[in-house]
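In what comes next, chain A is part of two complexes: it sits with chain B in the first one and with chain C in the second one.
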Partner chain A sequence: MNARLSRLGPWVWAVVSLALILVFNLVFTPGFFSIQARDGHFYGSLIDIANRAAPVMLVALGMTLVIATGGIDLSVGATMSIVGSVAALMVTKGHSPLAAILTACLFVALALGAWNGILVAVFKIQPIVATLILMVSGRGIAQLLTDGQIIQFHDPSLAYIGSGFLFKIPFSITVVVIVLLITAAVTRLTAMGLFIESVGDNPTASRYSGIDIRTVQLFAYAFCAICAGMAGLVATANTSAADANNTGLNLELDAILAVVIGGTKLTGGRYQLIGSIFGALVIQSLTTTILTKGLAIEFTLVVKALTVLAVCLLQSPQFRTKFRLPARSK
Partner chain B sequence: MKKHLSLIATIAIFVLMVAGASLHYKGFFSFGVFLNLLRDNAFLGVAAVGMTFVILSGGIDLSVGGMIGFTSILLGVLITKHHFHPAAAIGLSVAIGTAIGTSMGYVISAFDLPPFLVTLACMFLTRGLALVISPDTIAIDHPWYDAVSSAKTALPLIFLTVLAVGLYIAHARPFGRAVYAIGGNADSAALMGLPVGKTKIKIYAISGLCSSIGGVLLTFYMSSGDPNAGRMLELDAIAAVVIGGTLLSGGVGSLVGTLFGVLILGVIQTAITFQGNINSWWTKIVTGILLFGFILLQKVFQLRKTDS
Partner chain C sequence: MGGPLIVSSALLEMRGIDKSFPGVKALDSVDFTLRSGEIHALMGENGAGKSTLIKVLTGVFPKDGGSIALEGKLIHPRTPLHAQTLGISTVYQEVNLVPTLSVAENIFLGREPTRFGSIQWRRMKAASEQALAKLDIQINVGRLLSSYSIAIQQMVAIARAVEIEAQVLVLDEPTSSLDKDEVRQLFAVMQKLKSQGLGILFVSHFLDQVFEVSDRITILRNGRLVGERQTSSITRLQLVSMMIGKSEDEVAVMASHNVRDLPTATGEPFLTATGLTKRGSVGPVDLQVRKGEVVGLAGLLGSGRTETAQIIFGVEHPDQGTIHVEGQPVRISNPRKAIRLGFGFLSEDRKMAGIIPNLSIRENIVLALQANRGWLRKISQRQQQELADRYIKALKIATPDADKPISQLSGGNQQKVLLARWLASQPKLLILDEPTRGVDVGAKAEIEGLVYQMCADGMAILFISSELDELLRDSSRLVVMRDRKKVGELSGDRLNSAELMNTIAAGGNER
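On to the complex of A and B.
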């Protein structure tokens, strides 16, 4: 059964874990699956999980592409807080219309992503260090923009992105679906997805077969930053306030974790967009389960740690041979 | 000479920064300020010594901050709630920290897993355990503790001792040479017959040891145990190591550089305190710019080397 499940794709383990968590709740948490309609909106734990996981899912989509090229992006949390601050300032200082805010945020995110991309692709700096620069200074820049204050704003159209409802479900979920479809279309309907996997698998062979590695890497980091920017908008719009100190704090780690749980290897190569979405859902439903079971929130970190370790060990060939698990299909 | 260019650049920047700050701020250039520089950054410095070994071997350790929070709160609980003698409590928490580091090293080397992920898991684990032990800060009130923390030279001395031991291990022991060899090329190191697996385990054990000593120093400094202590400290430690001229790809660098990396971060912080009206976020921005500058500098050196 083990081997047969694996053949479906590496993302299947994320689905299995999610199913296990849900079954646990079906048995032990009464009312976990109930969804109520109130004021014309749906409410319930399941919808809450999807809504809360939205920023991580958005970042994880971009992070998947970066990790597939064999890189990593630590700066996504800082990007989120810069974009959130820009949006809040445009509302409070400039009273800008939504279209202007969205365009500005898109360009800010694109610029930050291009910075990372140039460092990695042109200057050939290791991804961890290259993105560490923006991670460290980016949050400082966001605090500089907002003067270290939490900036509250009142703008129904911007707030809709994070707390509105479309077809009775939170609009943030719609944003995730749209970004997922765009990511899948851009990488799977064109050759870009193949190029990304090829660069991650073997950069030298990719270069010899005529792939422009620089463009592929630049694309991945820019795309990741745009996803992070969207996540920053959703998170900021959700509370109608930009908090430069806390928006997206530690979120890069959750996003990386989601990608790894989703079956994409940290060393690059084949990537699983759907897997990353499920990975993010696994993390959030674990957190929600721990909270609804009345356990202290501190335990989420311990459980997360054990999850990372379990996933890492299951992916390690040495561990699989040692414990006679079937080899992982390529 | 060429080998030490990066280190010389780091020291030059440190001297320039101190000179600039001394000219600009009255009373900056004094023994007291320098003693405080060492005292304020002792915990970061000790953690950075361990991080240097990890990065020299081509790895990374993200668990440093979590380990400091864990050690700090464990000490607080042991001394205040369970009435341990501070010396025994310190011994126990440092031993636990070293054991955690050793297990990380074992998992990384035995199952050939990326250090990034394993130490990330360890960061969650230690921070989570710290918060499980006690979500609140515990004040440590013990005559022995007060005596050590009020002695101005105690923390700088511990930091410099750890640094000296680190220098001895890195440059005068076979283990140190193995670390450099593994960082240069792990495959050739294995072919040369160096014990790659054992060395890796020891490297992460050293890092666990150093970060838990860092946690102990922080409790002396704050006179309390705090489960949230050392948040994001791994980034400062990595920044100090990189600014100190150690290559993140491994194999090249030195602990002397790390000392100056720590001091440079400390001078930025001290100068910002002296200025008074500059906000703390400038620390982050300046650190980022310095990181960028040094990484670019290293790239230039590397490119020259491959040209010649």
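On to the complex of A and C.
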């Protein structure tokens, strides 16, 4: 069974992990699967998991592309925070319409992504260092923008992005689906996906084949920042408040974990968008499970770590050979 | 050359060394004897087994059979470190030291003199200076290693090796990154060490250097020992013929066999390179390739053939020289520009610069064509499949389907996929760097047939190969390189192996 599952693709382990967590809840958590309609909306643990996982899923989509090029982006949390602050300020100070806010946020995110991309692609700074710069300074910038205050706002149209409902399910889930489709379209209906995987798998050979590595890297970092910007909007809109200190804090780590659980290798190459979505769901469903079981919140971190360890070991060829598990198909 | 040899007893004796890798017999009962106080060159073409022999000696690979004796005692080196403690030290082509530490720290790295647990810096410095003085080198040992030239860094590596009380010093391609003066400096050091009784095993691809510095030469070919000669008793021509495995008689026979079935190219010149030079790498090289012509680039390994190709393809940048394509001057700053001009380059380094291992055969085939079209104009899935199927059939690539990762194919089939990548991009000039290396006989003949076909279709081809037979068979004209520069050009009646070997060995009318 192991071998047959593996053949489906590296993302299958994330699905298996998620299924295991859900089965656990089916047995031990009464009411976990119940979904109630209230005020014309659906409520329940499953909906809640998807809703809460939305920011991580959004960031993980962009992160997947960056990791596939052989890079990493640590600045996504800071980008979320800046974009959230910009949106909140535009509401409170500028009373801007939603279209203007969305456009501005898009450009801010694009600029931040271009900054990362230029450092990595043009100046050849190692991605972990290059994006660390924005990770540290970005949160500072957001705090300067907001004077270190939590900025609350009242704007129903903006709030809808994070807390509204469409077709009875939270709108944030719709946002994730749209961004997933856009990501898949932009990389698979063009040759960008092929170039990203090629550059991540063997940069030298890619260069010899005439691929413009610079463009590929710039694209990945810019796209990742836009995804982070969307996540920042969703998170900020969800609470109708921009908290520069906490929006997206440590979220880059969850996003990276989601990508790894989803079966994309940190060394680059083939990427799994669906895998990353499931990876994010695994992380969130673990957290929710622990909370509903009434365990201390601190316990989540340990369990999260153990799950990641298990998935990573399952993906490690060395581990698989050692324990005679069937080889993972590439 | 080292004057009359004192017949000293053997310092190191390797007898009947066998070593196999999956599918290859790398060493087949090879003998090698090194005497103390001699510089002994190990010669052979690429794949002859030189580096395997060295790696067996220095404990990198375990041997499958045979014996190694140092001063009459059997030894079994297990690791490079173990070999070092036995008295066999190696200095590699790329200096394996820490550039950001001082010279003295490098010499004593891992065995710093200490007292009460702290390093005795003064003693270390003094000992380092002494070690270098033995090589007639006086430098400030407190400065960072990286502040010195590669040559000095190499001396430091040698000083470190000798300081570990080495009896045998292995120098693997030590001169390949040195300029003329630096080579001279290195040779002086080697002579000095030789006079101190060390046995030096020297590997180099430069014939001149081997004749200048070595006392004795052992020649390997295809993993077998061809012979051991005193340097003073052998000519260059004899050495080359031993290396490539054709006796001088055979050479004469071969020459008469040579059928030139390619039409003499009368097409327009496609590529004209003039005075290409890159300091410390290659040059000067003049080169012209016409449409419908195969120009062979001949020379021993390390003669600058690949470097020339890399400059033409924009991988490396020349310090001097110009390139014209169809009469227009061009600047080729990267491979992308070269591809846009209609170039293709099948690299000799299949693993590093060729395959994208985890991508499918189909994706590997369309890659260069797609890159040239840009990311927005994707080749449709259907067209990709058609291209892949066509080339899998045309090049007889052995695979059940096009969606298998390329890394799962054999070397020869990977090579065919890479060839397909370039053919699919429909180049006007195709540079083939060792296209048949590591490819079995059948595939080799197929690739050669393709070269002929492409040429007949009007493509310009620059063909690099270490196999002289192949070059002579497949080229309309030969450009011969030695010691990183062009030393001659052969065409017409002069296109025979005797002339070729003469040119490679003697460098035409030079020297």
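The criterion applied here is as follows: the second predicted complex is superposed on the first by the 330 of 330 C-alpha atoms of A that agree within 3 Å, B and C clash if a C-alpha of one lies under 4 Å from a C-alpha of the other, contacts with A are read in each partner's own complex, and residues count from 1 in each chain.
To be clear about the criterion, a residue touches a chain if its C-beta (ideal position, glycine included) is under 8 Å from a C-beta of that chain, and two chains touch if they have at least 3 such contacts.
Computed from a predicted model, the values in this text were never measured in an experiment.
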item: Dominant contact partner of chain A by residue count, chain C or chain B; value: B
item: First, second, both or neither for A:Thr204, with chain B first and chain C second; value: second
item: Which of chain B and chain C A:Ala305 touches, first, second, both or neither; value: first
item: Contacts of A:Ile133 with chain B and chain C, given as first, second, both or neither; value: first
item: Contacts of A:Asp212 with chain B and chain C, given as first, second, both or neither; value: second
item: Partner chain in contact with A:Phe195 - chain B first, chain C second, else both or neither; value: second
item: Chain A residues touching chain C - in the complex, by the definition given at the top; value: 189-192, 194-195, 197-198, 201-202, 204-212, 215-216, 269-270, 330
item: Chain A to chain B touching residues, read off their complex; value: 72, 123-126, 128-130, 132-141, 143-144, 147-148, 253, 256-257, 260, 266-267, 296, 298-306, 308-309, 312-313, 316-319
item: Chain B to chain A touching residues, read off their complex; value: 60, 107, 110-114, 116-118, 120-125, 127-129, 131-132, 135, 235, 238-239, 242, 248-249, 279-285, 287-289, 291-292, 295-296, 299
item: Touch list for chain C against partner chain A, complex; value: 313, 315, 334-336, 338-340, 345, 347, 352-359, 363, 366-368, 370-379, 405, 407, 421
